[in-house]
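Chain IDs A, B and C follow the sequence of writing; residue 1 opens each chain.
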């Protein structure tokens, strides 16, 4: 994807409504965008380049982007290792389940926070915000004991529930904020017709909250996909481990498998990127602006 | 912002007309009860999860912090606040607080600045959808990697013999000899920079989603009033994004104070104590000094500090009513 | 439609989703329920063995040894649980606290005292007495309060590696054997991108203090302890070694980036020919050869104080083994320990790991086949293995405390004597 980074950037349709006086602005804008892209993408380009190198070339000086040892060996090693492929499968199962379940649970809670006044609202709000403030590393031991007691140790459910707990506060806060920006008249109108709050939520709020849902969903997915500490502690066997553990397993006591580590994280990010590409049409301007009109 | 939250009676404003007096009164009271219980119903799944899986371990950590030699000792004794006293009299704790504040505040501010800047550029009507799509993908790249890889990648890049020094040296910006992570004068800035790199996309995505939600009419109205681009930004964009910005800043603040793996895997809190954070300080208490009681006390102190923040956040929400 | 019906429908959907999840992970749950290595059927025992060794060894090699063990001991199966080295300690601590620790665990000498104190690992002296094991063939045992808790299976020694080409170019004829020769050689090598020595002092993995700093003390017959108590102050051996390193630092012959460098980085720098000399694990010999086949290097003993002619201590790190206190199958677990420590298996394991054996009778095959390892084995046998951190309480914290003060002094914030005094004060608190 990094190959696309350069001049193709300018290819944006010169929309007919862009009058000529905007050309200068547009050039400046594209220049700024390219500069920003250097900041965000060049380190990733280096990761990509390292994944094609031999381990001995990683530390060579002066550094080169493409080295004589260029090969796809690191990728072949990973893609032909059933244990590593299983790591990918596990990551998908966990991350996708967490995303869907978190969104469902968070939307319900956010609806309550956004549309109702009730006793204890403020307290619950404070709790939701602050539970994230405990350093996870200190929770590790009690949490581990809890999962063993609940028989969730070394299961998908254990990981899924754990990540839901991690992602819910953010998901709830953001969805509440998003619902708050949507005028109440929308759902009140449906309720006047005798429909219940679930109808208002499902038929009215959800469809126009898609950008919010997508951004929260992407966040949830990323957390579940990339978390390491709890994934390691709460799983025990190779058939339950996820990609970040697979990457750490390449960091040995004596040496690192640099190229395989890099290749594995590149492979790991591709599905996420595809997912994002698929959903990103929901970020396209104007789509919701119309719906929110009223 | 006035439309966002309503006083409670508003929710009861629309009532079906009562068909008959007796039945109507009962039906009303049942429906009122139902209405009152509904939000709790919506909150049940969240509540169950958080209570069992979050509150329980937190309560256990609080208990640990009041005992002596928990985990390592079979019968830990109750020592009251001794552990807190010990943590609070350790000068390194305050170094950690200071570093954490510097690290966190700079990260959050720059996350916001970069996130907003990129989001605005990506939302510009001057660009075609393809261009926007391409840059959107490029801009979220740093976010797609697990923190271990981010740490390893930047250790490679910032190595004294790494690419960054090579490029800076080649262009004559520096002498190409900087020990970014290993020098007491640059280490904190370097880890902060890495954290900024890896964390801004998520700020950007949230703001981008927020920008989509701003009704175009507001801009049109502003233009009719003769507002320029800057004035529209100040008087339409920022106020409209305000709830998102504040929530994001708060959350980012809390998360950044928790950032452990990135610092641990790049500098281990060093050189000396120049990148020691509350998270690395707590980790070391638990897993290298093997004192889980002290570590729990330190964790509870972090929790208390965050509660103060959360309190202001909720008060801010109240003031919007 | 009433909201009640909608609520009901939602709950049904959520319930169904939960069921689906439970169903698809059902298989996993079964394994989850046998967390403490439960007995599967009458007379059959499954031993869990958690370690970080399997990924370090050639693919399948460690499993093959376990298969051999299973064949020799019908009724016992071994399940290998492998984790990343850097996180092993946390996992053992958490496992011990929740009572789900594996029956047999791989250990590092620096952790033993802590785990023993926690009651996580079993007193092997008692187990050995129970099963009537003759411990005379064990090269060493790691003890806490007089009882054995860990048996080193294989040892990785840390001699000095020198880059032949860099030494030649600097006009250094032979690897230095004394500190002053070393300082001169380091100064001669340092030029442009090349540095004389490399010193990893990362606080994340502070074992550089053990392998690259204290090793200088041990190589001259010194000790950092006195009667088991810290003795950093008024200790001529410690003081001269640390002042010596401070001198090298001030001369600018140590490669940049030391304060956050880890062992893995040290090797990469040496392999790339940018460093003349390093103290490093023999485990890296094959890696260096694979990564840079053109690099000619030699191995020699760590230089000693000028005029010292006693036996030289050589630092080492071990893959140690222990048995979980809460294991229901201690006797079977010890069979596995016995198997790994037996002469032939121990020879084989040390051969594939490029390490020195924990059994006194074992000789790894590479010693005869490979000149470098042969030399190293001679150094090993003519000196004595020295690692005073093994078995100390919170050993890793001791290294980190020392490392912090040591960095302060290298950075010019305090004198080396102040650093030693400060480290001494911190250590006394931990003992």
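In this section, contacts are C-beta pairs under 8 Å (C-beta built on N, C-alpha and C of every residue); 3 or more make two chains touch, one makes a residue touch a chain.
Remember, it's a predicted structure, so these values are computed and weren't measured experimentally.
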Category of the chain touch graph - line, ring, star, complete, other: complete
Between A-C and A-B, the pair joined by more C-beta contacts: A-B
Where chain A and chain C are represented by their mean Cα positions, the distance between them in whole Å: 36
For chain A paired with chain B, centre-to-centre distance based on mean C-alpha positions, whole Å: 15
Overlap residues in chain B, where contacts from two or more other chains coincide: 38, 45, 71, 159, 161, 287
Chain A, residues touching no fewer than two other chains: 58-59, 61, 104, 108, 141, 197, 229, 248, 251, 256
For chain C, residues contacting two or more additional chains: 3-4, 7, 14, 90, 93, 97, 193, 269, 274
Of chain B, residues touching chain A in the complex: 3-8, 10-11, 14, 16, 36, 38-40, 42-43, 45-47, 49-50, 52-58, 60-61, 64, 71, 114, 117-118, 121-149, 152-154, 156-157, 159, 161-163, 166, 197, 201-202, 205-206, 208-217, 240, 243-244, 247, 250-251, 254-255, 257-258, 260-261, 278-279, 282-283, 286-287, 292, 295-296, 298-300, 302-303, 305-307, 310-311, 313-314, 317-318
Interface residues, chain C side, partner chain A - complex: 1-7, 9-10, 14, 17, 21-22, 24-25, 28-29, 31-33, 35, 52, 55-56, 79, 81-87, 90-91, 93-95, 97-100, 193, 263-264, 267-269, 271-272, 274, 281, 283-284, 287, 290-292
Interfacial residue positions of chain A with respect to chain C in the complex: 54-56, 58-61, 93, 97, 100-101, 104, 108, 140-141, 144-145, 148, 151-158, 160, 195-199, 202, 229, 232-233, 236-240, 245, 248-256
Chain C-touching residues of chain B, taken from the complex the two chains share: 34, 38, 41, 45, 71-72, 74, 155, 159-161, 177, 179, 181-184, 187, 264-273, 284, 287-290
Partner chain B, residues of chain C touching it in the complex: 3-4, 7, 14, 89-90, 93, 97, 114, 117-119, 193, 201-206, 255-261, 265, 269, 274, 394, 396-397, 400, 403-404, 407-408, 411, 413, 430
